[in-house]
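Here chain A shows up in two complexes: once beside chain B, once beside chain C.
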Partner chain A sequence: MAPAESGSGQPVTERIYSYYPGCSLHATAREYDVSTRLVCQKLGVELRELEDWVCCGASAAHSTDHLLSLALPAHTLKQAEEKGLPLAVPCAMCYSRLRFALHELQNKDTLDLVSRTIGKELSTAVTVKHMLQVLADEDIPLPIVKPLSGLKVACYYGCLLVRPPEVVGFDDAEDPQTMDHLMERLGAEAIDWGLKTNCCGAGVAFARLDVVLKLSHRILSLAQKSGADCVAVACPMCHANLDMYQKDMTVKLGWKTELPVLYFTQLMGLSLGFSPKELLLDKHITNPLPMLREKKLA
Partner chain B sequence: MSRIGVFVCHCGTNIGGVVNVPEVVEAARHMPLVAYADENKYTCSEVGQASIRDAIREQRLDRVVIASCSPRMHENTFRRTVAAAGLNPYLLEISNIREHCSWVHSDSKDATAKAIDLVSMAVAKVARHESLFPKQVGLTKRALIIGGGITGIQAALDIASAGHEVVLVEKEPSIGGRMSQLDKTFPTLDCSACILTPKMVDVAQHPNITLLTYSEVKEVRGFVGNFEVDILKKAKMVDYVKCTGCGTCWQACPERIPSEFDMGLGSRPAIYIPFAQAVPNKPVIDIANCRYEKYLKWKETEEGPEPPQCRICEGVCPTEAIDRSQKDEIITEKFGAVVVTTGFKTFDHSVYGEYGGGRYPDVISSLELERLMSAAGPTGGEVLRPSDGSHPKNVVFIQCVGSRDDKVGRPYCSKVCCMYTAKHAIMLREHDSEVQCYVFYIDVRAGGKDFEEFARRAQDETGALYLRGRVSQIYQEGKNLKVMGEDSLIGRPVEIEADLVVLATGMEPSDNADLIAQKLNISYNTYNFLIEAHPKLRPVETQTDGIFVAGTCVGPRDIPDCVAHGGAAAAKVVALLSQDSLTTDPLTSIIDPMKCVGCFACKEVCPFNAIEEQITRDKRTIASINESLCKGCGLCIVACRPGAINLRGFTSQQLLSEVLTLVRG
Partner chain C sequence: MPETSAIVLEPANDFLSFVQSHTGENITSCYQCGKCSAGCPTAYAMDITPRQVMRGIQLGLKDEILDSSAIWLCVSCQTCSLRCPREIDIAKIMESLRLFSQAEGRPPAQREIAVFYSAFLQQVRLFGRLHEVGLAITYNLLSMHFFNNIKRLPALLTRGKLKLVPQRTKGSSEVRQIEARVKELERKSS
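And then the complex of A and B:
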């Protein structure tokens, strides 16, 4: 963690992180990357993207080879270690893989094996934080331009961010509050609902779309029944499943409406004064703009 | 010069099959001071014992070695044997050539050599034995029972009926314990209150029982037969001599506090009896919540807004029994025996985040359901949902909440949950014939008289659906709860829309069970359940003489087991108290007052509080052993830096001569 005068009320001058966007944020989840960078810039959080990061391995690596699933994140962790800065990770899957690697590397034999594999001497001294943890820090003042008043947000954390608790060490695995508190600081109402950490179906979409439709539909319909205007997410995979398949849900499951799914950084960006255009809010499949206009937020 | 007799036992083929017994006998004959050696097929038989008695008389033996099984098996038997022949019973040494030799070796030659070594050590030791004499101490013929649940009630009644005085201490304002909170009992569906309250009244009316409710045990000193106990009597603020229990005060009190007895589902006033059939049927004032007491507290500092004065109870009491001058009081009483029956509480299910962590009002514990079913409960016996007061139709039960779950640190089975859930399923159907029950279970454990039949009845007659599997998640959807689980028998996930979810919360010991155990110097396990002296053969005794344990403070058990357990503890207490004096074992530590420097390192390590301070005639403070408390464990001996302590029967000199014999060959 960079030196921070936490709790003193003084503006924090130095919050510098190594930044590991991961593959998604350079491709399908570009709006997450863009909004994250804008928000960080505004809040004085400096992100320095690692020069030579590689894919975390996602579900492909750990389902084929255990060593590979550790070596890929280890390569990235080594770079972060060399920079001597804490590592900020916006993607929940990347976060999970990096934390898993750190957890496994606590074992000396595993550490030696992985070090030999990547050809570099590893340590486990690096701090890995999810972007939500970085930005939800209550010591960072929020210069709010447009409070999100009247907006009911269903904060959706998904499974990878919070589980397994002993590995990721992120909030309460059944009823996390980090994003809820952040949304309330922005002036929105974080609704209380029961599927915050249920699985959206993740990568099963490629093989069994029906399963993903069922799981994601359950999440969306409970969010809607609970009165949400939109769902806020912190994971590109969750976003894809919840945002992209709403039309299929209409056809196959009788999903009668639309529920916008936004990255939490986009909602932060809105309240910090960025335009929907800057935040790439027009990139979503389920268009959030009519709802945001109705709430006078766009 | 000693004349030592050595008797080697064949124990059938147990010893004789491996060890060459005649060879051992022959070797013994040549050992120093041995005047006589012989062998026996079964030394413990009457014939064997008689041969020892005869040999002692005929050979004028003054010390005896018996080479046989473990001293744990027959030492006391053989002590009586030598005593019958006129020897002091402690001039005997047992050499264990069965468990320590024949049972663990197969090579006859080596085993025989080892047996000879063992016997020669015993001969060397017994040569240094001295006559030891047990002491007699008096005892107080009075029993203390800590905890007034069904177990404590049963123990109190049984001891009192045998003619001994009993003091029953209960921390709540009424006796009755958890059983008084139950609606009905399995497998007979007896009304719990109907079978319990007559016993509670018997306790109150028994001439030999003194009831101390709203009281706690603070400190325990002394030893078996002679305990001295400090008991805190909390101020009730009501004069029980004047009070008639008419109820005017608790009806008039304007304060409402969540009722502990109703698991917070109902409320009670600040001056209250916990439930209608409470014994004693006289109220206490809950000082923390009484309006006038709060006013008095405010008056001391006058900080913040002035709370209203009240004193309505004082105004309405027809006998002027409210006595605000009462203070907490500590009394000291003497007892010969103590029975601990501190009972259990139910597991706090809020640690289960997947079941809502206590956030959903319609996810309740089984004890809460008991209160909802009880005609004397907060809803008058109508089962109504806490959230909106509607009648639940789909009810899901989840078994093993805080039982058989390593994840929450409760790997043990709570034993009663399968049965009370079957009872709930049957009862709910009786309350409302449209109710459909679903039970998620791991195994249905129905071991007990008429239990299996009862559990089947829940499934077959009332149509409760038993689903083998765990529930992974409960969440609120609209007014109802969605229960996501697994039916492992069909291997598929299941989802149930429930109006009410009942968690079969397991048993754990009452708060402060560990502190009470520490005060009494008895052991408890990692869950704070008290540990009995032997789980099978000494189930109500503890390692501390005179302290007995019974009921659910020892481990999960049901009502019939608790009653049997309470009765068993009572029988042990009665046996103890019916003696006129107690004989103490002479195998205790002994301190040489000339060597003791008074460092009290021994006191630090003594697990039995047997070390006392003593001032010598030359004004030195030294340690001395309370022989009634000492168990002869020997810890103090190794802790003693000047080597002032010895253990009778196992003195350093005796042990050293054993070692010397062995190393010299």
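And then the complex of A and C:
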């Protein structure tokens, strides 16, 4: 890739990615999309959204039809292959489905079969990265204007970003540190806690809200007991489960306080000088602004 | 002294052989340590635990397994597969069991979860992408829980988090083509 000049006059490597936001980022997780784009722009990471992308199928496809669960992400992999750029994916669920497809397509027979279903010749020569991997790259300088000093963050990775390791190829599967290190570079304190890769209940919120409440409540409670001011996430589904149902937890499980849940890109955005409004920090169900004001970050 | 030879458990029943050949997983090697159940976030809500599912397959208890709530309450978090000391991909087996159960037309032991998946795919079929509002409406109608999530509407609407009109992209026709080819290929192979 051709070297380019950064603002400080230092040569930096050009970073251009195809971008697959996934369905949630165009609706309930709009703030993840907006903050991701702002941060990328600031850091000189260019995102080119794939045109007419389709849903990855999520857990619905792989619980219903195995071939369909490979064909839907394969459609996206083919689009990315045609663009000739690495693919950046902010949603952990989409990331997992794309990486699973890529993993299974290593098998020649599967590759042929899935190629026939999408009507195009597939290859596996595509790099798929989660947005956290893209942005935590220590070779990207962070022009921090507002260090997040005094902010204690519980970094929550959830399931699909880290498991299974042979498929996702992301950090340590039991004790990942990528987001923790990134938060420390922003000036925050990444707290040490034990549920960073435990499940929040994933996609069963509609059908079994009781399960999501129990699992998400346990995660929030431990984060709070461990001294966190907020939880940072890298997945719209984790965000919905942890952020949206705190009032239900109060009624059903005696959850007494509120614990803000932010996208890691929003925290990056704050430290890079964007305002809470630009980062849509006012769009969460559990309002993080009082806590951020108290920390003099908003 | 004669050499002691290891006891090898051979697939002893049709169900075990079927699951093993379709998943490529060696379920006979499970020695019932229970690590899968210990780490499983939803085991507490299941009728039988993941360890019992593995044992049930070994014993050929097909009905007990395919009619269990366990296979539907598995959320594919992959913790069991990561920690299994016998390197059995338990999450993959659970996923296959859901598919086998549906292929046999068995009523799912967690009807709402199955309804959710089908409502989800219907949205993808219609629009190429998931339309979350459409999913909520379809789910409520199909599950007959008409007022599910209604109380969340004001907070979501005022924050502009709901897209009322679905995005329809060129991708929607491609999804339908893909699905048609999937059905055709599956028919040929069965």
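The criterion applied here is as follows: the second predicted complex is superposed on the first by the 286 of 298 C-alpha atoms of A that agree within 3 Å, B and C clash if a C-alpha of one lies under 4 Å from a C-alpha of the other, contacts with A are read in each partner's own complex, and residues count from 1 in each chain.
Everything that follows uses one rule, which is that a residue touches a chain if its C-beta (ideal position, glycine included) is under 8 Å from a C-beta of that chain, and two chains touch if they have at least 3 such contacts.
What you are looking at is a predicted structure, and each value in this text was computed from that prediction instead of being measured.
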Note to self: According to the stated criteria, A:Lys225 is in contact with first (chain B), second (chain C), both, or neither; which is it?
What the structure shows: first
Checklist entry - When the two structures are overlaid on chain A, which partner does A:Ser149 contact: first (chain B), second (chain C), both, or neither? => result neither
Checklist entry - After superposition on the shared chain, which partner residues are touched by A:Ser275: those of chain B (first), chain C (second), both, or neither? => result neither
Item checked: Partner chain(s) touched by A:Cys23 [first = chain B, second = chain C, both, neither] -> second
Winner on chain A touched-residue count between chain B and chain C: chain C
### Query
Touching A:Thr257 in the superposition: chain B (first), chain C (second), both, neither?
neither
* Asked: For A:Leu195, is the partner it touches chain B (first), chain C (second), both, or none of the two (neither)?
  -> first
Regarding the shared-chain residue A:Ala173, is it in contact with chain B (first), chain C (second), both, or neither? both
Dual-contact residues of chain A, meaning touching chain B and chain C, are 173-174, 198
In the complex, chain A touches chain B at residues 172-175, 193-195, 198, 222, 225
Chain A partner, complex, touching residues on chain B are 353-354, 356-357, 359, 473-478, 482
Given the complex, residues on chain A that touch chain C span 23-24, 26-28, 30, 51-55, 57-68, 71-72, 75, 113, 116-119, 159-160, 163-165, 173-174, 198-199, 201-204, 206-208, 210-211, 214-215, 244, 282-285
As the complex stands, chain C meets chain A at residues 41-42, 44-45, 73, 75-79, 81-82, 89, 91, 95-96, 98-99, 102, 110, 112-113, 115-118, 120-121, 123-124, 128-133, 136, 139, 143, 148-149, 152, 155-156, 159-163, 167, 169-172, 174-175, 177-179, 181-182, 185-186
